[in-house]
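There are two complexes below, and they share chain A, which is joined by chain B in the first and by chain C in the second.
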Partner chain A sequence: MDRFLQYAVAGLSAGRLYALVALGLVLIYKSTRVLNFAHGDVATFGTFAAFALLSRDHSFWIALPAALLAGAAASVLFYFGVLAPAQRKGATLLGQVILTIGLALILQGVVVFAFGTEPDRMPFPLSDSESRRFGPVYVSELSLGTLAAALAACVAVYLVVQRTRLGLAMRAVSENLIAAQTLGIPTRRVLAFAWATASALAVVAGLFLAPALLLDPFFMLDPFLKGFAAAVLGGLGSLPGAVVGGLVLGVAESLAGAYAGIAFKKTLAFVVIRAVLQVLTEGLLGKPFKERV
Partner chain B sequence: MSALLKAAGVETLYFDRIRALSSVSLEVEQGEIFGVLGPNGAGKTTLLRTIAGLLPDQPEKGSIELAGVRIERRRPEEIARMGVVYVPEDRGLFRELTVAENLELGLWGRKGNLEATHAMFPILRERAGQQAETLSGGEQQMLALGRAMLRRPRLLLLDEPSLGLAPQMANTVLAALQEIARAGTAIILVEQNARLALRIAQRAAILEAGRIVLQGTAQELEEHPDVREAYLGVATVIAQKAWRLHRRRRRW
Partner chain C sequence: MDLVETWREELRFAPGRVTRALLAAAVAFSIALPFLGQPAWIVRGTLVAITAIGVMGQNLLVGYAGQVSFGQAGFLAIGAYAFAHLQGLPWLLALLGAGLVSALAGVVVGFPSLRLKGPYLAIATLGFGIAAYQLLANVPALSGGRMGLAVQRPSLLSLYWTDVALLGVFALATTNLISSYAGRALMAVRDSEIAAESMGVNLTRTKLLAFAISSFYTGVHGALFAQFLGHLEPELFNVSEVLTQFVAITVGGLASVEGSIFGAAFVVLLPVIFGGLRWAVPVFFGASILAVLIFEPGGLAGALRKARLYLEQWPFR
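On to the complex of A and B.
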């Protein structure tokens, strides 16, 4: 039982990161109808910005906002410079997805060019090995920090989307772009804000994942795919669904690793997704898709 | 007096090759209700969408001026901010948001309150907390109009506002339109229901296959033999689209 709990907690820990990635993906998908394949690379980009600052002995409280800003800036530039003009020209959804792949490659190139491909340790104020004991379960400092950060990020997103005028505009734009345009709502700025928020979320995930492993330019690939899976699991159009999907996926993966062998860790998680989608075709919290008019 | 909206030689294409409007010219005065009639597929909706800037890189040819300022090929947000509001056939509501939230979005970027809106459509106050998609068709139309009016438009583009409304409700909406126009807003009113439209419009145009085939005062059109035959002939409100079944040779 203790073993089960320990693995479940470890799973939740990974799941929180998947949830952050998924949350951003869903935010972008809901607002711009684009699956953002650059999401992981935006996170990498931001994380390396933090890495550059941290390894020059800047404080974490400078590195954190700088990293969020770097990630957000990259995607806002992409949105205004590439995606919005393409959408205005009537680019197909597939074409737009390919544009995001282009962004992914560019960001990857920038990171490789600036930092090389050698794995590096990320200096970080929280340790992965120091842990606290809660009853039968050990939780590392880093994991606690991740929990706090993920919670803060989710609450912040919830408040912005549900409680502010800008969030209201985001919901409006995501539901009916044309109506929002004809009301004079600055839809492009609203959408750029959605991209920025989503990217900042991904950077948070990257920042708190990096210290647990060695940092290299491709370290976000796996969490990106997991976040993607989590978003689908939660029902691609639902923000709470993304969070639930991420947590479920993290736990499923961790337990699979513990009881079915490490080799099955990833496979089994996807079997779970397959099984869920078999029963709930719209995902855990998704709504049946309604064509937008 | 020079017209508020002046469209000249407007030509709109879909996919760069399907011509939906050819050399459409019209002028609408401030405070005027201008009716646009025509069969299905004539290009009425396309005309409104072209004016509202919702068709990227269209019109292909021609000019559209609002109070002397060229607006063609601008972005829809910009045109909206210049005082043009488009209410599409499906009302363009945010269906998952509440009535109050829909109205709040109508006030985007300006100060104002809902007093006048609630005075015009008291039902919207009662329904404030309800999701827009749970409103009846007539209530939705009132919400769409109320929200549009919050923007104090100079020009209101309405696509078939009477669609799906019982005669009683259609009359309520039309009365509201007359009130709106009296306050100085110009309205382009696209209607299938010619009788209804000609009753409140000062002038109107008939659009067929992307061209204006007839244009004049409401009275001129009402008395025109072809219009009587094709658009008013069988017109009871219930059989509003029945003219299609009676298509005969026409003189234009």
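On to the complex of A and C.
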């Protein structure tokens, strides 16, 4: 039982990060109907910005906002410079997905150019090896920090989306773009804000993941795929679904790793998703999509 | 993208004299290449021919049938390993076997994916690619363990001739396929599933056909690639392979046979140009995708088609 609890907690810890990535993906998908394949690379970009500052002995409290800004700036630039003109020209869904692949490749090249492909240790105020004991379960300091950051981020997103005028505008734009434009909502700025928020969430995930791993230009690939899977599992149209999907995926993966063998840990995540999608084609919390003729 | 709405407009795209001249030049060039005495370019030519077959398959699925699939790395791996395990057989039979095993996997992946659309299909196929990789990495009987798997490698010249000839066969087959009933059904499904279904297109059969044909091509690509390398490791078939294929179909031109060949040449030859600057390759790939989609959504093939139409009607436009 203790072992089960310990693995479940470890799974929740990973799941929180997947949930953050998934939340950003869903935010972007809901607002602009684009699957953002550059999400992981934006996070990598932001994390490396923080790494550059931290390794020059700046304080963590300078590096954190700088990293968030760097990630957000990259995606806002992409939105205004590339995606909005392409959408105005009537780019297809596939075309828009390929555009984000283009952004991903560019960011990847830039990070490799600036930092090389050698893995680095990320200096971080919280330690991965020192742990606290809660009943039968051990939790590392880093994991507690991740919990705090993920909770704060989720609450912030909830408050912004549900309680502010900006959030109201975001919901209106996601529901019906043309109607929102007619009502005088500056849709492009609202959408750019959604992209910026989503990227900041991804950077938070990257920042709290990096100290547990070695930092190299491809370290976000795997978490990004898991976050993507989590978003699909929860239903791409649902923000709470993203969080639920992330947590479920994290726990399922950790338990599978513990009891079914570590080698197929990664595959199992996709098997679970495949099975869920077979029954619920729009994920756990998504609404069925009806096509208009 | 402009839609072709009338038969007269469609006729403008029919191959004319310029196309025939270009085709003859391309064939002459690929025959002349080995006689230029540059072994490095023979290697590159072989790689372009091999890659073009896979890109053509991906283009059939994504460009013609409109199914966004990220599972190509898995089909590539299946084709390559099937070929490696079938080595005792005559070469053509082993190649065919690799393609068929991969096509079977395509049907297996495609069948449950019939209900899924857009992003959900993307994640399901992506999952398949990752599962195939994990299976190969963890089952030594399939992948030959830590030592990898050796594949018999013929001489460079014979490799070049067979691969270029195969590319010709596949290009011809694809051109015929897309102007047949099956090919038009693929495009109808891409443009509107409901409209296609009400015109009597069998959605299930058409989508499965797209998956099967596309993964057959990719399987053959994998088999030829295995033969080209002479050695197989699971690490060869990761997700970045899929991104490269997307770059190839976008830059070459979605839904175009000649575009697939241009795209393959682009992704194979660009890293050669950049040589020492490895980081610049993804940047240039990314930038060229953005540029193509914004300025010339038809890709290189679209640009060529425009140039050809301009030339054929030259004084009158």
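The criterion applied here is as follows: the second predicted complex is superposed on the first by the 289 of 293 C-alpha atoms of A that agree within 3 Å, B and C clash if a C-alpha of one lies under 4 Å from a C-alpha of the other, contacts with A are read in each partner's own complex, and residues count from 1 in each chain.
One rule holds in what follows: a residue touches a chain if its C-beta (ideal position, glycine included) is under 8 Å from a C-beta of that chain, and two chains touch if they have at least 3 such contacts.
All values derive from a computational prediction rather than experimental measurement.
Contact with chain C, but none with chain B, is seen for A:29 once the two complexes are overlaid on the shared chain.
Once the two complexes are overlaid on the shared chain, A:89 sits against chain B and chain C alike. After overlaying the two complexes on the shared chain, residue contacts for A:105 are found with chain C alone; chain B is out of touch. Between chain B and chain C, it is C that contacts the larger number of residues in chain A. Comparing the two interfaces of chain A, the one with chain B and the one with chain C have residues 89, 293 in common.
Those residues of chain C that touch chain A in the complex are listed here as 1, 62, 66, 68, 112, 115-120, 122-124, 126-128, 130-131, 134-135, 137-138, 193-194, 239, 243, 246-247, 250, 254, 278-290, 293-294, 297.
Note for the complex: chain A touches chain C at residues 29, 35, 82, 85-86, 89, 91-95, 97-99, 101-110, 112-113, 221, 225, 228-229, 232, 236, 263-264, 266-267, 269-271, 273-274, 277-278, 281-283, 289, 291, 293. The touching residues of chain B, when paired with chain A in their complex, are 52, 54, 56-57, 75-77, 80-81, 85-88, 90, 92-97, 101, 104-106, 108-109, 147, 151. Partner chain B is touched in their complex by these residues of chain A: 88-90, 165, 168-169, 171-172, 175-176, 178-188, 293.
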